[in-house]
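Heads up, the next two complexes both have chain A, just with different partners, chain B and then chain C.
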Partner chain A sequence: MDHLDALENKSIYIIREAYYRFKNIAMLWSVGKDSTTLLWLIRKAFFGKIPFPIIHIDTSYKFPDMYEFRDRLAREWNFPLIVGRNEEKLAAGMSPSSGMKLECCTELKTNALKQVIDKYKFKAIFLGIRRDEHGIRAKERYFSPRDDQFQWNYENQPAEIWDQYKSYLDKEEHYRVHPILHFTELDIWKYIQREKLPIIHLYLAKEGKRYRSIGCVPCCSPIESSATTIEDMINEVAASKTSERAGRAQDKENIYTMQKLRALGYM
Partner chain B sequence: MQKKALIVGIDGVPFGLITRMMEQGHMKELKHMCEGDYTIHKMHASYPDISSVSWTSFMTGANPAEHGIYGFTDLKPNSYDLYFPNSRDIKAPTFWQTLQKQKKIKRVLVLNIPNTYPAFPIDGLLVSGFVAIDFNKAVYPTSYVAPLQRMGYVIDVDLMKARQDKDGFYQDLMDSLAVREKVSINLITEEEWDIATICITETDRLHHFFFDKKDTPVFHDFYKRVDTFIGNIYRAFEKKYGKDFLFLVLSDHGFTEQVAEVNLNALLRDSGYLVTDESRDYYDKIEKGTIAFAMDPGRIYIHYEKKFPRGQVKSSETEQIKKALKAVFLELADTNGTKVIKEVVDKEEIYKGPYYDNAPDLICISNEGYDLKGNLRRKEVFSSDIFKGMHTGEDATLITPKNITFDQQVTIENPANIIMNYFL
Partner chain C sequence: MEEKALPIVITGHIDHGKSTLIGRLLYDTGILKEDRYQEITASSSLLGKETEFAFVLDALEEEREKGITIDTTQIYFQTPKRKYVIIDAPGHKEFLRNMITGASYADAAVLIIDSNEGIMEQTKRHGYLLSMVGIKDICVLINKMDLVGYSKDIYDRVVAGMKDFFGNLSLRPRFYIPISALKGNNVAKRDPSITWYEGPCLFEALDELEFKTFEERPFRFPVQDVYRIGNEKIVAGRIESGEVAVGETVYLLSKGLRVKIKEIRKFLEDNIKTASYGESIGLIVEGANGIKRGDILSGDNNVRTVKDFDANLFWFYGEYNKGDKIQIKCTTQESYCSLSITEKFDPATMDKKKEGLHHLEIGEIAKAKIKLRKKIAIDTFSYIPEMGRFILEKNGIPVGGGIIV
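Our next item is the complex of A and B:
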């Protein structure tokens, strides 16, 4: 079987397995290339009709192109879209400027998602993360439990061997399901090219710069690039030696330390 | 017979305050001890007077240039990248590591000492204190994680609650004391320890948020509770091992009432010594043209060409710059004319050891009430928040057996030597 077909088959198997297990499921869509690929795979898995809501967590600091792309695709692909915003913190002026990047992510992303999950009582969420993105993500499972505090106990995870997935959970938990965990950045671009998927043009070079990973405007830096087509990009990614998320500012491992120090008046 | 030691930490308890609490009858157990076999000394904290630095000096008997910890925050070498030093960054051995290596002692209990996260290997049990994030990484060996959780052990109270519900926060502190006492007594009673080191950190939390209430029942009740805690673990230890053991009580720094927060970077910016690019984050804001910047609480770093990517200051300019900076700091006065900074200490006077190069070039010591801050966010020199107390360096507390005397000023580096000498 073709490599991309094999990846696609595995993803679709996981998507269907998860939907069968959890009726109250949703997908988290960042509007970036990975979760848009996942969205496409979900459409394929259910023959063009997406049978559950798609969540977009809106920090209000996203690139304008992202909002436009989000609304256009929601219309064209015809799926129910939930937009999650932490209105309380936004009203209080939370922003990534003024040296508050870490708290900003926690409030406007993590807690906004928490609010959506609480409101709709979702038991499982599809995410488009990939093992090759980040060291800690390499330890992820396809079915990854989170406790009621949203904590991921990566030292105590179910084994996933011979495609046997632990897909039942305790009362207070919810599952993160990662159908494209096995894709690499390069696979994603090859798949996007093959399937002719729409992508935000921020990924393509303009005046010698492009974004390799997109999120909120203040926290993303473009890289030097001359890749103006997906073909160019595949060549560039294949040759690249730096990490994809190097242009992203947040370092989640320090969030809690920072919060605790701030709570006592440091920093 | 195997010698034994019980050491109790009381985070942030000032000598003056605890002496008064004893005199006023709020701390009967300690008063009784200090009238009997024990005596109380005023002790100097580390420079700076921050828990992670001071407790590391306690654990290692070393000064920051030897153990490498200068604060809760630091910058990675030759960069503006902020990191949070933790137990992995401690460069000197702890007193129990030295004693265990020399086979003077076997099992050791270390409970809730700040800057012991992540928990590191020990023959015995180590439960990390502030700043511990993941409980699974805060306990060594991990077989204790589940039993401690079953007992309801908590590393720290929810500090954010102090902003929303002060009464609830106070109650949480009391509850947290109770569970820490229960776990301590359980561990002392059920298991064998040659040294048990138990730290009470609730006092520091109380002080940060309630120091304006130091002469009210809020404090009296709390100190009574701390007194009972100490008395109870003392008796549990005594019951098990008899009267003959080394007993120490110590704090890592003192406390006083906060008048204002003083943002040293705002002062440096206003005086033209600091240039920032606000589009960047944290210390990465520091721009070319910066002569010096501050980190919490009063650590001053000269922006040397050889130490920082955008630094332009040459080593030859050191004396002249230090002199100018000292003048700026010592001149600073409150609106009512009160001088803010009492003393500016040069690194040469206080630090000695292999990590001397990482030390701040100057340390500002404030007059009582002026809480020095090193963040780059605040634009005004003076500000206020919800905090009522601030750390002080000169009046930490040390209670030792009566026969222990000191020729010179007692410092936080001394207790480790007392413990080691006892077991030698």
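Our next item is the complex of A and C:
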């Protein structure tokens, strides 16, 4: 079994464990490369028939290509899609340009997700996060319990050994499940290449620039790059001297922003 | 280069320098990305410190403020020979569950000891647990040599103490390296100024450590779930040992039946003939109805299907008191169980106790008979590790683990 096969088999095992434990489960899909990879692995785990809904949290500030890609894939891969928007805050004009990036993320991502979870009573959510993204994410478990306030109790995480995942559910609790935690950025690109997965072309260089990480238009900046194919990208990522999220405004603002966002329940 | 990274857990007593060592290693080898280094420098100065290498791994605000590692972390790096996943484990007794979580991901281990302070409680607990969870290859580092004037006598004394400790265990450390994580001696490259030491530096020693190997064993397939898709029932699971081929007859242990493997399924792959260890697959099975999660398909009939068995336990969260409602999880099998402890000890003292056996605390090891409410299928840990290890839960929280002897 090669390296990518080993990663894939482990992810599929985790996906099936979570589905067995929590029937009322859904997946959070950002339409980026990581969660699209996760979506593909979920298709594999269930032999092509995804048995739960896929959630897209729409801040309204996403790249137009992302909306087109989302709707196309939902059609082609035939899964139920839930689009979650914090309509109240959007109507009130919430935006990252008002100088409150953390608050904007909290309202348009975290609270929009809370609204979806409340409405559909989901007990667990699949997320496509990876350990190598950020120091905080390196401390995540595959099954991560959250309390009724969506808080991540990062100081008191349960042990997780030998593929046994804590799944006991208090009434006021839900779980985040992270089946691709063990993939690196490089693994993701190699896997996308091998599996011939569709990706948004924003990742590929145009006029010397490309996005290494995509989210909301105002908070993502492109990097200098000549990578116009996935092959180029694999070489570029392997040689990179900066980490992937360096282009994300969110992480730069405050050293512990990521920890705070996670503790508040954002991805 | 081999794409598969060797996972190595870094263990040792609190403050003996685990996180500092890893930060130093990454910095010296140019793996630490520039923006991360700047973030660490900024975070350090915010707390009034010089650039603190431990912050590379101690990313939580509380960890940086208190200067301790709370939770296990993983970081990727590579030498010219191969890739590594370095797993940092906390050295505090209270966070033993996080150390074990880290160790369970690892194939090999580093155990770090402060030369000045010597062998401490967590040095022994970690050493013992590494041996218990099946780590075969270990490298011992005698750290903070700069604080003891690079003294050979002190190094020799610590090495003798560790050899004595490991003398009773199955684990034999491959290297004992004198280092200073703070100054960088013998970390990324050999330090010729330590003239009495002729062995490898850490970097070279890591390249010598090996992946866990596994032996050819009979087929074992714990059923994870059964999916009804169209008119078909697909039995989903992962092969925990051996291999299977279409057309073979295997045992369905819970029912004492033999069933035939009609098809092996994976999404978008046709006509699969065989599958082996580690593969998550679907099976179409003929000859039995009502297959469900927790059933085991087996290539031979030598698996023990039992209601009680002997095990070595380790306790890592809260307390155990006789009468506690304990649940055991072994592969996809689960049952309530009770423990009858026959002996217990804390590896920190190795003092074997025959009394107080109604109670266990964090860090204690016990020999016990486990009595189950319903039968499960097991192998010994030394024969098929995946089928010979389990965890214990109390009130839905993992509290201990064990291996079947």
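Heads up, the rule we're going with is that the second predicted complex is superposed on the first by the 250 of 267 C-alpha atoms of A that agree within 3 Å, B and C clash if a C-alpha of one lies under 4 Å from a C-alpha of the other, contacts with A are read in each partner's own complex, and residues count from 1 in each chain.
Throughout what follows, contacts are C-beta pairs under 8 Å (C-beta built on N, C-alpha and C of every residue); 3 or more make two chains touch, one makes a residue touch a chain.
Only a predicted model underlies this, so the values are computations on that prediction, with no experimental measurement involved.
Colleague: Is A:R16 in contact with chain B, with chain C, with both, or with neither (first, second, both, neither)?
Modeller: second
Colleague: State whether A:D232 touches chain B only (first), chain C only (second), both chains, or neither.
Modeller: After superposition on chain A, A:D232 lies in contact with neither partner.
Colleague: Does chain B (first) or chain C (second) touch A:K49, or do both, or does neither?
Modeller: second
Colleague: Applying the document's definition of touching, compare chain B and chain C: which contacts more of chain A?
Modeller: Counting residues of chain A touched by each partner, the higher count goes to C.
Colleague: Answer with first, second, both or neither: which of chain B and chain C does A:E103 touch in the superposed model?
Modeller: neither
Colleague: Going by the contact rule set out at the top, does A:D71 touch chain B (first), chain C (second), both, or neither?
Modeller: A:D71 sits against neither chain B nor chain C.
Colleague: So, does A:N153 touch the first partner chain B, the second partner chain C, both, or neither?
Modeller: Touch status of A:N153: first partner only.
Colleague: Taking the contacts chain A makes with chain B in one complex and with chain C in the other, which residues are shared?
Modeller: Of chain A, residues 155, 256, 259 contact chain B in one complex and chain C in the other.
Colleague: Which chain A residues qualify as touching chain C in the complex?
Modeller: Answer in residue numbers: 1-6, 8-10, 12-13, 16-17, 19-20, 43-49, 51, 131-132, 134-136, 138-139, 141, 154-155, 157-162, 164, 166-169, 184, 240-243, 246, 255-256, 259.
Colleague: Flag every residue of chain C that touches chain A in the complex, lowest number first.
Modeller: Contact set of chain C toward chain A: 3-4, 33-36, 39, 42-43, 46, 56-57, 59-62, 70-76, 97-98, 100-101, 104, 133, 224-225, 227, 229, 234, 236-238, 265-268, 276-280, 282, 293, 316-317, 329, 386, 389-391, 393, 395-398, 401.
Colleague: Help me check something: in the complex, which residues belonging to chain B touch chain A?
Modeller: Residue list for chain B touching chain A: 72-73, 83-84, 130-131, 133, 136, 156, 159-160, 162, 205, 208, 261, 278, 281-282, 285, 296, 371, 373, 375-377, 385, 387.
Colleague: Could you please specify the touching residues of chain A with respect to chain B in the complex?
Modeller: 97-99, 101, 153, 155, 249, 254, 256-261, 263-267
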